[in-house]
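To start, I am sharing the structure in question, which I have written as C-alpha cells.
Every chain is named by a letter (A, B, C, D, E and F) in the order it is written, and numbering of its residues begins at 1.
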C-alpha cells in the first residue's frame, strides 16, 4: 500500500532529524534539574533579563516560570494591572471565538452538506472534553514545574491557581486568566486536525484519538516551548537544549496539528469516491464567515500572546494584520494568474496561511518582515495545496497539512530569519541573547516537532485502528456522518 | 382544559411560596425607608465593607447604590480606570452580541424554515424597543433610588448620568457604560422568552407582552436584586429582606424569563400539529453558530458583571468556561448513553445550560465547584427537556423553560450551596457576612421570583389574549409567520 | 440617456457647492505651510488646548498631529496606558469584524444567490489589497505631515512608526495600533461602495476602481478631516479652512462612499432585468446576522474613535446604542404604518442608518440628542430608500446611497446642530472654540465632500469604462458572477 | 399501470400520505415544485421595492398504481388534500407501460 | 389531454411563463432540475482540486393542456425559450388520461 | 419514443450516468426527490422529541429515448443502480408522443 509506504517514508525522514535531538535530550537530565532546584535569583530568566529593556512588563511573550516568578513577587509584589488583564480576558474570548464558531464554520463550509454537523460536533467535542481535562491535569502537565519535557501534577484540579496572583503567565495578568487563555490554545490545536480527516472518521475514534494525543503531543509541546523549564523554550529557560522561539504557537499549535493531521489522514485512508466524485465545499459562504472570525479571533491568539496590552502586543497586532492580508492577496493573485480566476476560497486560504505563518513570529519581527512572510505564506501554501497534494495524492480533506503543517513549519523557520532584537529586546544581548544561531535552533525545533508529532500520531492512530477502528461503515460514510453518527441533519430536508 | 389546570396548579404551587414573602414584604415598609433617608456613613454597605478585603474595587459584583457612592466619591473621588472601563465596554458589546446575532441564530436555527425571520424580528424588536425605553424610564426604574421593589424616576431620560462620574455601577467604571451594560441584560431577558412561544404568536402581541412585562417583572427584579435598596440584594443592601446573592442574573434574567416563558406558552397553547408534524430544527448549523456566539458573549455577561477587570472577573471567566464545557460534555454523553448518539444540539444545549447555571454563581464559587455545577447543569436540564416536557406535554418550542427556567432555578440554589467567601470576600465576615443561612435565602429568592413571574405573566397574557389576541390565524401559522407577519422569507424561494 | 443626464445634474449640483470651497482653498496655501514650519508651542492645537478640560487625554477624538505631539512628548513623555491601549486593540478588531464578516454577510444576504460570493470576494479584496497599500503609502499619505489636502511620504513603509511611542493618534495609545485602527476604516469605506454596484460589475474593474479611488478620495479625506494639518480638521488644526468636526467618519467614511456609490451605480447602469425580474434578497438570515455584527463592531468604530477608554468613549458608546436602536424602531414602525408589516430588513436597515447618522456625532452629542438623531435616521433614510430611489429610478442595488450617502450627509449636518461643549469640552471655549458657526462649517464640509466624491468618482469610473470596461458580458451577469468570475458557487448545487 | 400525479398544498402532504397508506399504497415519490395558477402569490416589499411572488410552493406526489386501483388512489388523494380553497391543486392520470424494481428486477405490477 | 413538459434555461422562465399566459395558459407547475446533455458544464477549482460540474441548472415546466391546444403551448414555449445557443432544452409531449381539480372535483378539461 | 424514469439512491447517480453514457445516452434530466416505500427512514431526536423521518432522499432520472432503445436504457440503469438492498428504487417506462429541440426546432427522434 502506497499509503503505508508514505507513512514509513515520513517516519524515516522524521527520524533523520532525531540524532541531534537525542543528543540534546541526553544532556538535559543533568542540566534541567538544576533549573528547578537551584534557580538562584540572579539566574531568574526572562523576568529580570528583560526588565531593563522593557520596564513595564518583565516577560515579552511567554510565561515567567512559576518558580522564578514566585520569589520575585515576594520582593516586589506584581499587581494585577487592569488594562493588561482586560486585554487578556478579551484575547481569551477571541481565541475561543476562533474555534466556536470560527473554525467550525470554516471547516463546516468546506465539507459536503451531509457531513457539516460532524465537523461541528468534533469542534464542540474538543472544547467540551479538553476543558475539564485542562482542569483535571492538562494545565498542570503543561505548565507546572516538571522536567524539560513535561510538567508535573502540582496544579492538578487547578490547585494553587489564585486569580489575584500574577506571575504564572506574566507578572501583570491574573494567573486565572492565563490558565484559560492557554486552554483556548489547547482546544483549537486538536480541532485543527479535524480538517484533514473530515468526512470519514468515526466520532468516537476522533475523540479518543484527541484525548490520547493531548497527553502524547500537546501537553509536552506546550511545556517544552512555553514552560519555564521547557526543552526548547529559549525566551525563558536559560538551560533550554534548543534555544528556539515561538511567539504564539508555530510549533506548539500549527506544526503539531499539521503534521499529525498528515499522518492521521494517511493511516485513515482516502474518502470513498475521492478523486472520482464531486467533493466541492457545500457552502463557501460559511467558509468565508469562518475566515473573518478566524482573522478577528487571531488578534487574541497573537496579540494576546504578548500577555499584556503593551508595545509587543501592538507589534503582534500589526504584523498579524499585514501578513494575513498580504498572504490572502498573494494566494488570490496566484490563482488569478495560474488558474484564471481569483476565488473566495483562495482569499480565505491565503488569509489563514498568512495568519499561520506569522504566528510564531508575531511579536518578534518588524512590519516589513511580516509583509515578506505574508508573501511566502500565500505563495508556498498555495503551491502545497495546489500541487504538492496532487503530486503525493493523500486525501487531506480540508488542507490542514497544506496550510498548518507547511505554513507552520515555514513560519517557524522564517521566524528565525526575521527575528529582530530591535523589535523585541528579549532576543538581544540585554535580554536572553538568542540571536546567535537562531535559525539553526529553529530548525532543530522544527525537526523535533515533526519527529515527535509523526511518531506519536502513527502509534496512536494504529492503536485505535486495530482496536476501536477508525472508519465508519461504507454505508454510513456514503449517507453522511451527520445522520448516522449524530442523528441530525445540518439543514431541514 | 388541561392547559388551564396546569396554569392553576402552577400558580397554586407558586403561591405556596408566598407566605414568607408576604411576611417579608410587610416588614420592609418600616425598614426600607430607613435605608434611603438615613444611610449613615458607617452603614454604607458594600462599598466600604468590601474595601479592606479587595482594595482596588469596592463592589465585588453589583452596583454600589447611588446614594452610598456619592458621598464616598466626594471624600476620595474615584477615578475612571482605563483598564476597568475598557473591559466594561468590551463586556457590553459582548452581551449585545449574545442577542444580536447570537440568540437570534440559536433560536432561529431551531425553528422551522418558515418562521426563522419571525424569531429574528422578535430579537431585533426587543433590542430596538427596550433601548429607548431604557433611556425613557427603564434604567431609572431599575436603578435609581426608589423603594425595595422598584426605583424612581430620578434618572429618567438618563438625566444625571455623567460619563465622567463613577459609582452608579462600581467605583471604577463610568456611569455611562454601566447604564448600557445593564441595558444589554434588559434586552436579552425578554428575548429569551421568545424561544418558548416561537412559531405561533402574533408579532404585535409579542411586542406588547414584552413591553408590559418589562414594567411588571424585569425592572422590579433588576431593582430588587441589584439595586442598592433592593428587597433581595444581599451584597449591597444591609436591610434587604432576603439576603440573597445573584452574580450575573440567575433570578433576574434566567428565572424570570424561564418561568414567564412556561406560563406564556401554556396560556398560548401548542403549535398546530404539535406532536404530529415534523418540527425539526431547520438549520442546526445556525444553531451551532449561535451557541458559539452565546458562549463567547457570555464572558461579557458573567465576567463583565464583576464591573472591573480584576480577580473576581477572572474567577467568573474561569468558572463560566469550566461550567459551560462540562455541561456540554455531560449532556452529549447522556445522549450517547441513553439515546445512542451524541448530537450537536446536545452539545449546544448543554453548553447553554452550563452557562445559565453558573450565571448567578460565577464570581462567588471556586473552580472545582463550577465543574460540579456544570455536571448538574448538563444532567438536570437534559432530563427536564427530554423527560419532564414529554411527561407534562406543554409546548415549550425551543426549551426556554427546560434550560433557563430549570437551569436558572437550580443555579440560584446551587449558588447558595457553593458560594465561598474565600473566592469572594464580600460574602464573608469582612464583607457583608452573607454566608449564614445563605441557602435558605436563595430558596426564598427563588420562591419570590417564581411567584412574581408566574402571576405577572398570567395576568398580562390573559389580558392580551382577551383584547388583542395572542395567536395569528390558523392559515398564517401554517404558512409561516415570516411571510404573513413580516412580508419576507428567510431564504430565496 | 437619462443616466448620463442624472450624473451631469449631480455634478452641476455638486459644483454649485464649489465656489466657497475654491475660495477656502485659495487662502490656505498661505496659511497651511505656517502650520508645518512654524507651529509654535503655544499654538499646538488640540493636545494642549484640551488638556485642562480633560486632563487624562489630550485629544478627544482625533490624532494629535505628529509634529505637534513630538515636542510635547519630549517635555513629558506620554506613556502607553495599558487600559487605553487594550481598548484600542479591541476596537480595531471590532472594526475589522464589521467588514469581515459583518458587511460581507449584510450585503451578501441581500444579493441573489448567484452573486453572493462576488460580494464577499469584493469585501475580501478590499481587506487584502488595502492593507499592503496602507503599509506602502496609504497611512503616510493620510496622516504624515503634508499640506492641507494630502499627507507626504514620511511614513511610507510605516517607517518611523514605533509601537512604544504614542502621539500619532493620541497621547496614550501606541502609534502602532493607531495605524491599524485607521487601516480598518480604510478597508470598510470602499467596501461600502460595493453595495451600490453589486451583481453587475467586473471584479477586476471593482478592484481597479477602488485602488484609484483610495488615492483620489479616501487618503485625501482622511487627511483633510483627521490630519493635524487637514483642510477641514476643526478639532486639531487651528488653521483649518473649514472648522468642521467628524467624530468617527460621517464625511470620511459614509459620505465619500455613499456619494461615490451613487455616481458609480449611475455610470454603471442598472442590472439586467431591473424592475422586471425578482431581485429579492437570497437570505435575509445572513443579512440579519451581518447587521448584528455591524452593530457590535460599530462600538469599535465609534467608541474606539475616542482613542481612549475614557468618558468620551463611553459617551460614544451610549449615543451609538441609543441612535441605532431608535432608528431601527422608527424604520420598522414606518413600514408597519405605511406598508402594513414591519420587516426584518426594516429593522436591519434602520439600525444601520442609525449607526451611520450617529457616527460623526458620537462623541460630541448628548444622550437625548442621539435619540432624536436616531428618529431622523430611521425616518429620512427609510424615505430615501422607499420613495426617493423609486422616484429617481437609479439602481442602487443594496441602498448604499440611501443609507450611507443620505444618512452620512444628514448626520454630518445634525452633528453641527446637536454638538455640545458640555459633552465634549474640546468644542468649547476651553478647547478649540468650535461652536460659533459650526452648522455652517458642517455644511461646507458636506459640500466639499459631495463635490470631491462625485467628481473624482465620475472621472475614475469613466476612465475605467472606456479602457478595461465596467460590466461583464450579459451571459456572465445572467448566470451570476460567482461562477463566472470566481469559479465557485456560494452553496452546493 | 397508471401514474397518478397530484399537485397539492405542502401542508397537506402528511394527510395525503396517510390516506394513501390507508388504502394500501406504500410507495410514492414526492417533489417540491412551484405552482402557478389562479391562486395568487404574495407581495414582498424590500425597502420600497415591491415584488410579486407569483408562484406558490406546492408538492407533487407521484404514485404508480395498477390500472384497476387508480380510482382508489385518486379518491384518497382528493379527499385528503381538499380544503375547498383556491389552490388546492390537481390530480393527473397518465399511462405507464412498464415498471422494474431495481433491487429484484421484478417487473410491472410486481414492481410497484 | 396532453402534458407538455419543457426543460429550459432558468433565466428564460419568466419569458416562457409570459408567453404561455398570452396564449391563455394560466396554470403550470415548475420544478428545478439538473440537465445533462451536449451543453458542457463548468470547471470549479478548489485549492488545486479540479471538479467538472457536468450538469447544468435547468427548469422544468409542466402544463397539462387540452389535446387541441398542444400546438399553441408548444409554439409559445419554443419561441420564448430559444436563444439559439446549445442547451436551450427540449419540449416533450405525452398523454394524460384524466385530470381532477381537487377543490371542486371537476374533471378533465374542466379541471385544467 | 418513451420516457424512461428511474428513481434511484442518490449516491448511485454517478454510476447510472456513466452506464447510460456508455450505451450512448448523452441527454438526461435529474431531479432531487423524496421517496416513500418499504425502505425505512431514520429517527431523529431533538432534546427528547423523537421524529421519524419517513422519507428518504432519492434522485429521479428522466431520459427520453427512441422506442427501440428502451431496453438498452433500462438495462443500463438497473445494472448500475442495483445494490441489492431494499430501497434501490424503480424504473418506469411511459409513452412520449413528440419531442422538440428548442434551439433548432428539430422534432422527435432528432430532438433527443
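Criterion: a residue touches a chain if its C-beta (ideal position, glycine included) is under 8 Å from a C-beta of that chain, and two chains touch if they have at least 3 such contacts.
Because the structure is predicted, anything quoted here is derived from the model rather than measured.
**Student:** Along the shortest chain of touching chains, how many steps lie between subunit B and subunit F?
**Tutor:** 1
**Student:** Return the chains shared as contacts by subunit D and subunit E, ordered by label.
**Tutor:** In this structure, the chains that contact subunit E and also subunit D are C, F.
**Student:** Tally the contacting C-beta pairs at the C-D interface and at the A-F interface, and name the larger one.
**Tutor:** C-D
**Student:** Please report how many Å separate the Cα centroid of subunit C from that of subunit F, as a whole number.
**Tutor:** 55
**Student:** What whole-Å value do you get for the distance between subunit B and subunit C if each is reduced to the mean of its CA atoms?
**Tutor:** 37
**Student:** With chain centres taken as the means of their Cα atoms, state the distance from subunit D to subunit F in Å.
**Tutor:** Chain centres of subunit D and subunit F, defined by C-alpha means, are spaced 18 Å apart.
**Student:** Could you work out how far the Cα centre of subunit B sits from that of subunit D, in whole Å?
**Tutor:** 48
**Student:** Among all residues of subunit D, which ones touch two or more of the remaining chains?
**Tutor:** 31, 34, 44-46, 53, 55, 94-95
**Student:** Counting only residues that touch at least two other chains, what does the list for subunit A look like?
**Tutor:** Counting only residues that touch two or more other chains, subunit A contributes 81-84, 86-87, 90, 280-281, 339, 341, 343, 345, 487-489.
**Student:** Would you identify the shape of the chain contact graph, picking one of line, ring, star, complete or other?
**Tutor:** Drawn as a graph, the chains match no named shape, so other.
**Student:** Which two-chain combinations touch?
**Tutor:** Touching chain pairs, listed by label, are A-B, A-C, A-E, A-F, B-C, B-D, B-F, C-D, C-E, D-E, D-F, E-F.
**Student:** Residue numbers of subunit E touching subunit C in their complex, please.
**Tutor:** 11, 14, 34, 42-46, 53, 55, 57
**Student:** Across the complex, what residues on subunit D touch subunit F?
**Tutor:** 3, 17, 26-31, 64, 94-103, 105, 111-112
**Student:** Subunit B touches which residues of subunit A in the complex?
**Tutor:** The contact residues of subunit A facing subunit B are 80-87, 89-90, 92-93, 96-97, 99-102, 104-105, 108, 116-117, 120-121, 124-125, 127-132, 135, 157-158, 161, 163-164, 174, 176-177, 179-180, 183, 203, 286, 485-492.
**Student:** Across the complex, what residues on subunit D touch subunit E?
**Tutor:** 2, 6-8, 31-38, 55, 58, 60, 74, 77-78, 81-95
**Student:** Name, in rising order, each residue of subunit A that touches subunit C in their complex.
**Tutor:** Where subunit A meets subunit C, its residues are 56, 81-84, 86-87, 90, 94, 112-113, 172, 280-285, 288-289, 291-293, 295-296, 299-300, 303, 308-315, 317-318, 321-322, 324-326, 328-329, 332, 339-345, 347-348, 350-351, 367-368, 371, 374.
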